[in-house]
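The two complexes that follow have subunit A in common; it is paired with subunit B in the first and with subunit C in the second.
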Partner chain A sequence: MMPLVAAGSTAVLHNALLVGAILFALGLVGILTRRNLIVMFLSAELMLQGISVSLVAWSRHHGDFGGQVLVIFVLTVAACEAAVALVFVLQAFARTGRLDAAAWQELREATLARTVDHALPASDAVPPRWPRLSTAGVVPPGADESPLEREHV
Partner chain B sequence: MTPVASLSPGMILAGAVTAAAASLWLLLPRGAENRLARWLGLVLGAAALAGFIVTGRRLGGLGEEAVFLVVSLVAVISGAATIVTRSPVYSAIWFALALAGVAGVLLVLGAQFLGVATIVVYAGAILVMFLFVLMLAQPSGLASYDRVSNEPLLSAVAGAVLLGLLSLTIGRLSADPTCCAVPAKSDAVTGGDGERKSAVPAAADPLAADQVARLGGELFGRHLLAVEVAGVLLLVALIGAIAVVARGEAALEDDRRLAAGGARR
Partner chain C sequence: MQQVSPATLLVLVPLLPLVGAVLTLLLGRRLRSQAHLPAIAGIAAAAAVAVVLLLGTAAQVGRPDGIHAEPVRPVEMISTLWQWATVDGAYTPPPGSAASIPGTAVGGTAGASRAFSIPVALRLDPLTATLLAIITCIGLVVAVYSIGYMHHDPGYPRFFAVFSLFVFSMSMLVAASNFLIVYVFWEAVGACSYLLIGFWFRKPEAARAAKKAFLVNRVGDFGLAIATFLLWMTYGTLDFHDTLSPDGTILPGILGQTRLADSSGIVGGAVGTAICLCLLLAACGKSAQLPLHVWLPDAMEGPTPASALIHAATMVTAGIYLVARTAPLFVACPGALTAVSIVGATTALVAALIATVQNDLKRVLAYSTISQLGYMFASLGTGTLLGFTAAIFHLVTHAFFKALLFLGAGSVMHSMGNVIDMRRFGGLYRIMPVTAATFLVGALALAGVAPFSGFFSKDEILASLHGKGWPHAHGEHHDAAPASSHAATTPPLHLVGLRTSATEPRAVDRRALIGDGSASGAVGWLDGLDTPATWQVLFWMALLTAGLTAFYTFRAVFMTFTGPARVPEEAGHHAHESPPVMAVPLMILAVPSAIAGWWLFSTQWLSHFLSATPSFTAPAVATTAAPHTFHMDLAIQGSLAAAIGIVIAAIGHLGRRSDGPQMERFLGPLHTFFANRCYIDQLYSGLFVRPLEALALVAALFDRHVIDRLVNGVARLPVALGGVVRLLQVGLLQRYALAGVMGVLTIVLALAWRLRG
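So, the complex of A and B:
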């Protein structure tokens, strides 16, 4: 099996580093601007992917496995980080009922004063909009029961 | 000479980065849905991608370039869709596609094991964990924190500044023939202390048949201590997650009792 791209060429290093930089910048924008905790963690993982691409590009360029070994440790740490972080996200959701990062401003000791960064609305979900379909067929039995499917994903 | 060819790569990159930032700003959720802004953002994003493609280096063969272009476009477009999609479930699914693109890039770069591990570990385990949490914790309806993002203009500008600096540095780096030359074989084989021999021959063929075996040798030879530390880290994360869940349940009950006017246990 022949190598797809010649080793040590600067062109493949340049292109791969550019892809890694773009992924890292996208993840940075996401983690700065999105407010959903899950999406913020996905953005952090996107930044880790950019780092991985850059590390493998340098590893390839130098013909050394150090970069690839580092990416394996990045994978390990990402798994640990996701496990611990998602536990905290779930706990915050159980307390506040929302995945908003601003909900963490409620995190304080009972004796401390409340710090309000963003005022949180009590209920802020918009009802889902469904496409209007023409009626067809017959109404199945039990159709007036509560629907089993989720309202919105 | 075409107008594009008369521009310097730095100017094309600056334009592409600016277009990318404007596109992200237009596409990020800002409350009201605006069809015109979305189309304008898509057009600007395509222009930014075209700028990045134009400034990319030629790889020397049409097949190689096509493969690299396709996988990197999949990674970048899906990555952008991950952060601009309103629904977090769709965001996670776009992230899975971005992982597939990144795995393709890693395979093109010759990291076979890492390409497969990215699919298996990230898309198979970590992403499924995210989706589980989403299904457990997603309130019905699209919440305001998904519809309105936090300072999209400033974040897009911050990302553009970072990307501009990085891409200009990368362009200058690879244009300079002396900066990142592959070191001579003897330099690469001996480490910093000179006596420790790497298990990897210098300028190893990345697609050699025993590439994964040599990666394993490197991992469990030079980096054995780090492997042990990583194992301890996994154990600590496991125990920590369980401990937080167990303590959190008790704390939640305490909160409910306090809210109901009762005394803390």
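So, the complex of A and C:
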């Protein structure tokens, strides 16, 4: 079937660039607002993918494969970077036991207090109390705690 | 043998003490107890040179030839060291004024403008030679005395350095031949006086006394500055001597022989009187006359040798020197002359009255100095040659006996453990015979007892006052015609110098020297004071002062040296005669105190010698020369006054305990008045000191609360700004990333906005 638009036309370019820009913007906003370290990394990857889409779009527009070759590079590098980043995330978790970016505030001004987010759940000092089920469907004591909140991932 | 020129010798007199001062400053720490050596060597060498100069100048002047002598030719030598400042074309005087250059066309051409030129020029004439000899010789004697007196003082090198510096400054002051140079060294002696009065600066009274001396002197210096400005505007030059301009015309100096020989050379009237009154103010400040006398009694806080040199013999005579040097200027303004005499005689009387009730030996001598200086001013103010030479004669004898008295007081103080209140010791002639004997010699000279030196000089002063009050009493020829024509025709003599133009001799009349005869207002009032009645009053004041002088002097002598022997506890083991290094200077000074007056008077050497000074050979002054006869009636009056004073002092104090009943019984409230120094200090304190302190307090508060707050506020601004920016550093990674992204967004939006249009 005949394409409705030509392959190198500007409408395709515009749309592809728009998609790339949306991906990039979403990734940017994600880095800035999400506190989970893994989700922040995910957003960074998203930014990379947005750039890749833009590169492919420009490559198709100019008829030059250089852009698409660069995208292959970007994918490769993103994979390596993912490995390194996840090692970093693991180390961060091992030190604080949390995946919260707000846990790292030691490099602030000495006169300022820690920024404490009061919407956070209670600290890890209190050990979680998991429900203990009895053998025959009897409701265990203390079952009125809300099981939906948990401090640990 | 190679002849040393007088110019070199003249430079050596101030230079050697200066070198001594510099060496003492540099090496004082190293030399410690030998720190006096450079200073003593410098002053001794300068004294020798000064004596040589004195003898050389005396040889030039020649010996007096008898009663009706030939009028003396002026003797002077000018030696210009270097040109300090020159500003070409600084001032174009109005044509025909005293400042215009003689021989230039009337009409304001370029050649008629005068250059502001200050050469560092020294002059040698009889007045300078006399004073240089006095300064250096008495300086030497006092310096030797100080070796003993200041022996244990930790500031020993500093004392000799400042002492030597003072001798240098004073020598330059009397040798300078330019008003600005005189002003420089006028200030310099004031500064050295400050350093010496405040020598023990950790003592609050001494520091305050030094400050007071300097500030009161400053008022006088203001007078000298104004006088200098007026002299520049009036005469177009500040030199005393005549100088040669590059194209050969003679620029007359203010006191140069060209101007003095010219009958209309000196400006009188209002301007002249203003100049003379400003010079009088300067002299009052330096010589401690009313109303600027308040610093001298407080200056006794300094070491006694400093008092002996500076406040008895040398610095306080700078005022006398200034008025004597500018004699032709004063003679042209009779009102100013009368003012000088009135100030002098009043000061003499008031100071003598205050001295009668003082209990501190040094204070008695300080007021005595003020009183004797008043005598000298009274004599200067008569405007006659006799008056001027009598004042210098009294200056010379006073230098000797007052230095002797001060050193004697220092000797007493040294052995009494720094106690100088006469009521606390007595009968010291047994313990300190040499001091007692020399002090007695000085006291007899001060009281004016014949044949000691003070008698002759005081007699001459009384004679000059008497001659003005009763002009025809002794048949003197004041305006003798033969003398005037001789004085005008004799060509002046120079050792090294310039030839004067051949000015035609004119018969001069003293009154013709007044520039514009119409004197109105204040000047006319002052001129009107010059009546015989005024002089008669001044004569009686001087006679009364003579009696009081004898009284307070011998009161001090009797309280200190006679009566039962009493020694205060502070004396300890000190209560013995002074060591030879202190006693020998006393004996050295006692000799001229005893015989100098008789010797100088009988040979008439000093008056003849001084009359060769160019200032005194001016026809206006020289025509008043009178034959020197010994006025027996005046001598009797003076001696009677002195005798009465001594007898009253003996009745009250001879042989009694010195802390016995004082004169409060007789004087009552007057005693309190004089003991509080006529409340002048309190008056000045209320009029000047308190308002100034209040002003200073306001300034201090303004400085502390407004200016300091402003500066500190400016300092706090960056800190505050930083405090605001610091709130951004919270340590949260995402906040930092957000900041970066906001920045990038701003740049991108700005670029997009630019590229849009």
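We take it that the second predicted complex is superposed on the first by the 101 of 153 C-alpha atoms of A that agree within 3 Å, B and C clash if a C-alpha of one lies under 4 Å from a C-alpha of the other, contacts with A are read in each partner's own complex, and residues count from 1 in each chain.
Convention: a residue touches a chain if its C-beta (ideal position, glycine included) is under 8 Å from a C-beta of that chain, and two chains touch if they have at least 3 such contacts.
These numbers were taken from a predicted model, which means no experiment stands behind them.
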Is A:101 in contact with subunit B, with subunit C, with both, or with neither (first, second, both, neither)? both
Would you sort A:21 into first (subunit B), second (subunit C), both or neither based on which partner it touches? first
Which partner does A:116 contact after superposing on A: first (subunit B), second (subunit C), both, neither? neither
Let me test your reading of the model: by the given contact rule, A:33 touches which partner, first (subunit B), second (subunit C), both or neither? both
When both partners are placed on the shared chain, which of subunit B and subunit C touches more of subunit A: B
When the two structures are overlaid on chain A, which partner does A:60 contact: first (subunit B), second (subunit C), both, or neither? first
Subunit A residues contacted in one complex by subunit B, in the other by subunit C: 28, 32-33, 35, 101-102
Contacts from subunit A onto subunit B in the complex sit at residues 1-19, 21-30, 32-36, 38-39, 41-43, 45-46, 49, 52-53, 56-57, 59-66, 68-69, 71-73, 75-84, 86-91, 93-95, 97-102, 110, 121, 124-128, 150-153
What residues of subunit B sit close enough to touch subunit A in their complex? 20, 24, 28, 52, 55-60, 64, 67-68, 72, 75-76, 79-80, 82-83, 87-92, 95, 98-99, 102, 105-106, 108-111, 113-114, 117-118, 121-122, 125-126, 129-130, 133-134, 136-152, 154-156, 158-160, 162-163, 166-167, 170-171, 173-174, 177, 180, 182-183, 188, 198-207, 209, 214-215, 218-219, 222-223, 226, 230, 233-234, 236-238, 240-241, 244-245, 248, 252, 255, 258
Can you list the subunit A residues touching subunit C in their complex? 28, 31-33, 35, 101-102, 104-109, 111-112, 115
Show which residues of subunit C lie in contact with subunit A when the two form their complex. 726-727, 729-734, 737-738, 741
